[in-house]
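All remarks here apply to the structure that follows.
Letters A, B, C and D mark the chains as written, and numbering starts fresh at 1 in each.
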Amino acid sequence: MAGRFLVVNFKAYQQAFGPQAVEIAREASRLESRLPVRVILAPPAPLLGRVLEAHGDVYLQHVDPVGFGAHTGRLPVAAAAMLGVRGSMVNHSERKMVLRDVEAAVRALREAGLESLVCADTPGEAAAAAYMGPTMIAVEPPELIGTGVPVSRAKPEVITASLEAVRRVDPSIPLLAGAGITSPEDAVRAVELGASGVLVASVVMKSREPPLVLRGLAEALATA
Amino acid sequence: MAGRFLVVNFKAYQQAFGPQAVEIAREASRLESRLPVRVILAPPAPLLGRVLEAHGDVYLQHVDPVGFGAHTGRLPVAAAAMLGVRGSMVNHSERKMVLRDVEAAVRALREAGLESLVCADTPGEAAAAAYMGPTMIAVEPPELIGTGVPVSRAKPEVITASLEAVRRVDPSIPLLAGAGITSPEDAVRAVELGASGVLVASVVMKSREPPLVLRGLAEALATA
Amino acid sequence: MAGRFLVVNFKAYQQAFGPQAVEIAREASRLESRLPVRVILAPPAPLLGRVLEAHGDVYLQHVDPVGFGAHTGRLPVAAAAMLGVRGSMVNHSERKMVLRDVEAAVRALREAGLESLVCADTPGEAAAAAYMGPTMIAVEPPELIGTGVPVSRAKPEVITASLEAVRRVDPSIPLLAGAGITSPEDAVRAVELGASGVLVASVVMKSREPPLVLRGLAEALATA
Amino acid sequence: MAGRFLVVNFKAYQQAFGPQAVEIAREASRLESRLPVRVILAPPAPLLGRVLEAHGDVYLQHVDPVGFGAHTGRLPVAAAAMLGVRGSMVNHSERKMVLRDVEAAVRALREAGLESLVCADTPGEAAAAAYMGPTMIAVEPPELIGTGVPVSRAKPEVITASLEAVRRVDPSIPLLAGAGITSPEDAVRAVELGASGVLVASVVMKSREPPLVLRGLAEALATA
């Protein structure tokens, strides 16, 4: 039961910038206090302050592997530490970096005392991520992202092969499943395959009642 | 006297994420209310909320020419409108885009009722920017950025040639001068050359007393 | 009649790597010797040698603004000079660079005694290119490239506005029209609008008889 | 003794475009015929023809994961097959791609009947490459490239950890060592550590007698 993770990537959906952002944060806070599940939210950078007021378990969607300085439109890891977030997503399918920058970001986050969630398209990329020693890895076949076709049904072998690949390097790193997760059953199925949780986006952000959907997923993960 | 502009790019300096951000915003608000100078601040995205509480005249440092949707670590123009900012910088020397993306960003900002400040390295790039009909253009020789060697002294011909280039296309677009501006005298000199104001960063952000430096620049621009 | 240009971008069409490459080169050589038209060919880099044996008027499709040295998979301008080409295309719609790299490439080509053909999407980009002093500029609305809908019919105003924009900066720079040119009439129409020639690709490369198509275009340009 | 590899990346050194290119190719051909070592040359794209006339074992320095078509300044995998090369380097330190493009290139090369040599900075990247099933992998710590400080002396643990990482995935994939190899002894040491050969560049390309240096390396590998 320990070590279940529900990560919500707000992406740049319209709802990510509206009142839903805080509603989701409040529900996440309630869920985290009563269930053995970490509910990590990744809002757009301008919403960090508002979301952090309601829920402390927040990640950036992306961080730049640079130090403080003359960088316009970039967010250094050291700044992330000042903002009160717990960590950052790195290398999301929609924000891919060359591997050496992924590695630099993971290292800088660790040195700043922050967590890192590295996204991978494939078992091979998950293996590469494992060598970097991130806090967590999420595997998401990009062709399923946003489709509503859950990876845990359509490509369970991607989850199991990624688990195998990560375990060979470091069995202590939790692996999350992502892409197409649209129901509590999909999340349960991912856990049954060996995942430590799920990374979701549209299923929460584009629903009419995001807090309700969030609760359903968290409760399913708690009892899986 | 009308149409004087002082734009402060906070970049990713450490001070941009600390208490100085709000101190600068408060001073900017006071200055804008008593002087015939617009004082526009461009803080890092996570600081937008805090800065906007103290000063209404805020730009993004960068905006992505995309719509709402499945974009991780990106900020769509339409989201900018929801955040209460007045506009965005586009194509800063440290965040260059290919020209067609610059054009797409300027158009999207205009359609969202927002302002745009397009940065250019050279008179030629300033001319290209003028064809897009942005709110303002800033010319900054990249080799002088952050040096303390002011463009208005070291390369006045870049300012005058840019003015000439922009005027040929649309004489109503204000041109700001940037790069190496370190004193009120540099700002005055830029105005004497024909600029409508200045774009600064390190001179304010890295000073011991940012509000004081800001005031000096604004007062100089007001009386130039 | 002087200063008519027919530029053929071979792109990466299959025919660019086959026997057609040399057939086109031979016909180009014949045409250039009997018509007052420069016929410039831009084959893929591995075909340069074969094409140059049959026709001396050859451009690279792209050049990297770097010097000789430790660059893998890049082609420095100085190497272009050693290869016997006359110049290079720069900033093609399918190989866009940020403006400062376009400028660096044009300058390096000039310093190496080579010609440059800068591609532009819009009149504004053409103006920016003109400030760099290239040998030629080609304007190609990217939405028409490869469509068979000729810019000279569908968007003649792009050609005339680009001519106007370039003339304001330097009236001596020839402007070519590109995108969707599929017949000698389209080429003639471009010249009637004021262009000095055309930049074509698919109409030649994807035809059953490339040399014949090339001849038709060259003859039309010669008499327009 | 079987399966020894000596790969020479010509990069964009001036010598890569001069008469040395063919001299190296001739020596490579002689060496391959008398020693149990494959000597693979990776010249710049415009030199492919000249090098192939003297030596059949040639790789591209880089290939683009695209098909034939409207791509300017790009080299599709299918074109590589038409050019007579045996394969291509992929993801060299100076031409990094995001991992999904590396994977697409390796797959396309395999489907075209061509070989692939994937470069990796670290054991983790080598592991990721192994999952793609390339013909070979080369590990090169980028901080040593071109320094003359050989990886086999300065960072032998990178070679051994990469071997271990690759073997866990697929022990049949040969691993080459690169970066800073400057003498036959460095090459021998790499083989003693378990590598199947070396990837070199400046030691051959920038020497006064490239064929002589090449011979020394090949003979050392043959007897290691």
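Just so it is clear, a contact is a pair of C-beta atoms (placed from the backbone, for glycine too) under 8 Å apart; a residue touches a chain by one contact, two chains touch by 3 or more.
Here the structure is a predicted model, which is why all the values come from computation and not from measurement.
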Chains contacting each of subunit A and subunit D, listed by label: none
Identity of the chain that, by mean CA position, is farthest from subunit C: A
Separation of subunit B from subunit D, taking each centre as the mean of its C-alpha atoms, in whole Å: 47
Subunit B and subunit C: spacing of chain centres that average the CA atoms, whole Å: 37
Residues of subunit B whose C-beta touches two or more other chains: none
Subunit B contact footprint on subunit A (complex, rising order): 9, 11-14, 16-18, 44-46, 48-50, 60-62, 66, 68-76, 78-79, 82-83, 89, 92-95, 145-146, 201-202
Touch list for subunit C against partner subunit B, complex: 96-100, 103, 121-125, 127-132, 142, 165, 168-169
